[in-house]
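You will see two complexes here that share subunit A, one where it goes with subunit B and one where it goes with subunit C.
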Partner chain A sequence: MKLIIGLGVILGLIAVLPAAEQVFAAGSEVGEYLDRKAAIWGLFYRLMIIAFTVGTVVSGLIVWLVLRFRESNPKAKPTSYEASGSW
Partner chain B sequence: MVLELQKPRPIWQIMFSTHHTDVGLLYLITSLAFMFMGGALALLLRVELFSPGVQLIADSMTYNRIFTVHGTTLIFLFILPSASAFGNYLVPIMVRFKDMAYPKLNAVAFWMIPPAGALIWLGFADFTWYAYPTYSVVSAPGPAADMWIFGLKILGVSSILGSINFVVTIMKCKHPDLPLSKMPLLAWAYLTSSLITLVAVPTFAAALLMLLTDRLGASGFFNPAMGGDPIAYQHLFWFTFHPEVYILVIPAIGFMYEIFPRFSRKPIFSHGSGVAAFTLLTIVGFASWAHHMYATGMSFTEKTVFMVGTLAAVPASAMHTFNFLATMWGGRIKFATPIMWAVGGIALFFSAGAGGVVNSAMPLDFITHDSYWVVGHFHLFVMGTILFGTVGFVYYFFPYVTGRMYSEVLGKVHFILSFVGTVLVFFTQHILGLFGMPRRIYDYPAIPEWVQMNIIISIGAFIIGIGMAIFLWNLIWSSAKGKPADMDDPFGLGGKYYFPYQAKNPSH
Partner chain C sequence: MSGHSTWPEWVYVGVVIALLCYVGAEAWNIERIVEHVPEDAEIIKVTGQQWLWTFEHEDGTKEIGELHVEKGKAYKFEITSKDVIHSFNIHDYVVLLDAVPGKINTVWFSPTEAGEFDIQCREYCGLIHYNMRGTLIVEDNGA
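And now, the complex of A and B:
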């Protein structure tokens, strides 16, 4: 579980950092020519790459959880709470 | 739990009851009726946008009226009352109290909704559910616009009364043996969303009053010709309606917190992180309203503050998603209809959230602002997360209300059609926005990409419509003819639910 939490934190940082970088970079561009349209679309594509990567991981995890832990899976076994009858 | 329909009673006994389950039933039926009505309007819009030129709706004014009432109905007359429906049923039982704290006030809050709905539907205003000035002040035709304003005013008062009731019931009437730390997460969802309502909604109530007096010519708060500022309305509006997003979504997440552990046959992974995430969302919900207004000429510093405030919602949302997935992990999951909706809901919640991060990044907002991207993002959130959570909970709750089981096959067909339709409609709308199609237009030039994507979107909408027709049939048919449910364990999961249906509170 620690591995998953660590992975989640890293993926979260990957998602947030490019946006923060853009914010701080924008403030330091004094007198510099900037093709805003190209820069904005470039940022958009970078964010999309991150979003699709993280999305693939999360969606893949959801699909795997659904298949692995469905009750009809041959590997499925009763949870420890079922014996007590309450959860 | 609450077998209102098993023992037939005269309808007036339910209508004039102040018992929390009766009021909950009234909320539920009313909200579902408005869901089908608002959804039907969406289909009209999609028929019109199927291809360029006039298809069905003769003029832009009529189109504007339809999409205004569509949005207003589904937000204010479906999502909010449906959350109140389940809150009325469950909150008193969850906090182990005999009823809501103020039963009569509770009934009054409900009975404000039908007249408000009538005002909105009979007026059929045309200025979108935002009612932005200057159009809404200067040009929007009355009495439709004024009826809309009065309708929303009544709904705002209803929301505030309902929220006061939830907060007092939970904080003051909770059983002394039940600490907040042990209270079910759905009750926490109602507590936090009610607190947001109490802080956010009065602002919009004030804005509506100012809008009305502006329309009457008695003031000029938002009228530039009288020295007013239309942008001030946008600030007041979004100070209410960005937190409103959380008012809408938090109960839906609470529904998922009921469904996932129940069908995974194990407790929720982390109760504490669920509480923390709800609390965090309640706070950061107020730190992001102006991200809807980057294009209004705000300073760089203001935009940065609101961008960071918006991104602060990401960790809380991720905590919920992680909690759901970790609850499923190691479970033995029975994929009945309710959890299928919940799983679909978290997948779409993630997608909507990813789109939201793009919107909140201010440079990117200028690409997507007022384009179909925003329509896709907003609807993916409202339909993909909130409606999926709510409909899943309607299925989950169905046997407890009617004493009968719905058709599982029809429920699953409904889910599949809705999921496919939602992806087709709202993912495509994102792309359509990137291709430059603006929102709120009733016709468009025959640009090949726009035409193709609009056809895909309309087909997706019809698929959702077919699913909803199946849902309606399933609800009506199963209520009357469905198989009697095993009330101890309607879904065959084993074990007892933590608040058994025998806990029905006595009538007054």
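And now, the complex of A and C:
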């Protein structure tokens, strides 16, 4: 369990650190202004990539689950409850 | 507890947490950068009223329905309303902020290209809302 929590923390840090680096560098240039259009649309595209990737994985997993564990699948095996007939 | 292995589930949970952290940090970071107003930004007072926009520059110059700015300079809009809630939008520069009576909301931008761009009210504000438009004219004086 500790290993798993540690893994989660490391993954979280890997995701956060690049963003944290940019925070302290922001707005330091004189006379050079942020292109808010590029910044905002860039954020939108990055978040959309994540959203569609997650959506694809989750919906793919659901489709696989439904097909793999349908009752008519030749590979389907009864659960221990179903095999014994008692719950 | 069942006897099956749970590590794939924990990996899944870890990946979800990592993605949520990334999404939150990125959004927070970009919002922070976008809201950082340059110190030399020129202030333009924007007032919405049914159904037109008026603008007042720092030197007192007033404009109605048209706003003249210079390419490459930074401008800070101080937006308010005289009557109902409007929303000040320059679509091409991703400027969008509500104009609320009795309140001054601020947003800044810096035009990167010369030309004419639409200004539009984005909050339904009455019968002629659809035609509460203006024109942003960006002049290239530095060329």
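Just so it is clear, the second predicted complex is superposed on the first by the 50 of 87 C-alpha atoms of A that agree within 3 Å, B and C clash if a C-alpha of one lies under 4 Å from a C-alpha of the other, contacts with A are read in each partner's own complex, and residues count from 1 in each chain.
Please note the rule applied: a contact is a pair of C-beta atoms (placed from the backbone, for glycine too) under 8 Å apart; a residue touches a chain by one contact, two chains touch by 3 or more.
All of these numbers come straight from a predicted model, not from anything done at the bench.
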| item | value |
| --- | --- |
| Partner chain in contact with A:Lys77 - subunit B first, subunit C second, else both or neither | first |
| Contacts of A:Asp35 with subunit B and subunit C, given as first, second, both or neither | second |
| Contacts of A:Ile49 with subunit B and subunit C, given as first, second, both or neither | neither |
| Partner chain in contact with A:Ser86 - subunit B first, subunit C second, else both or neither | first |
| Partner chain(s) touched by A:Leu67 [first = subunit B, second = subunit C, both, neither] | neither |
| Most subunit A residues touched (candidates subunit B, subunit C) | B |
| Which of subunit B and subunit C A:Leu7 touches, first, second, both or neither | second |
| Common interface positions of subunit A, toward subunit B and toward subunit C | 4, 8, 12, 15-16, 19, 22-23, 26-27, 36, 39-41, 43, 47, 54 |
| Contact set on subunit A toward subunit C in their complex | 4, 7-8, 11-12, 14-16, 19-20, 22-23, 26-27, 31, 33-37, 39-43, 46-47, 50, 54 |
| For the subunit A and subunit B complex, residues of the former touching the latter | 1, 4, 8, 12, 15-16, 19, 22-23, 26-27, 36, 39-41, 43-44, 47-48, 51, 54-55, 58-59, 61-62, 65-66, 69-71, 76-82, 84-87 |
| Subunit B - residues contacting subunit A, complex | 261, 264-267, 300, 304, 307, 311, 314-315, 318, 321-322, 325-326, 328-335, 343, 346-347, 350-351, 354, 357-358, 360-364, 366-367, 494-496, 498 |
| Parts of subunit C lying in touch with subunit A, wherever the complex brings them together | 7, 10-11, 13-15, 17-19, 21-23, 25-30, 32-34, 36, 38, 40, 72, 74, 92-95, 109-110, 112 |
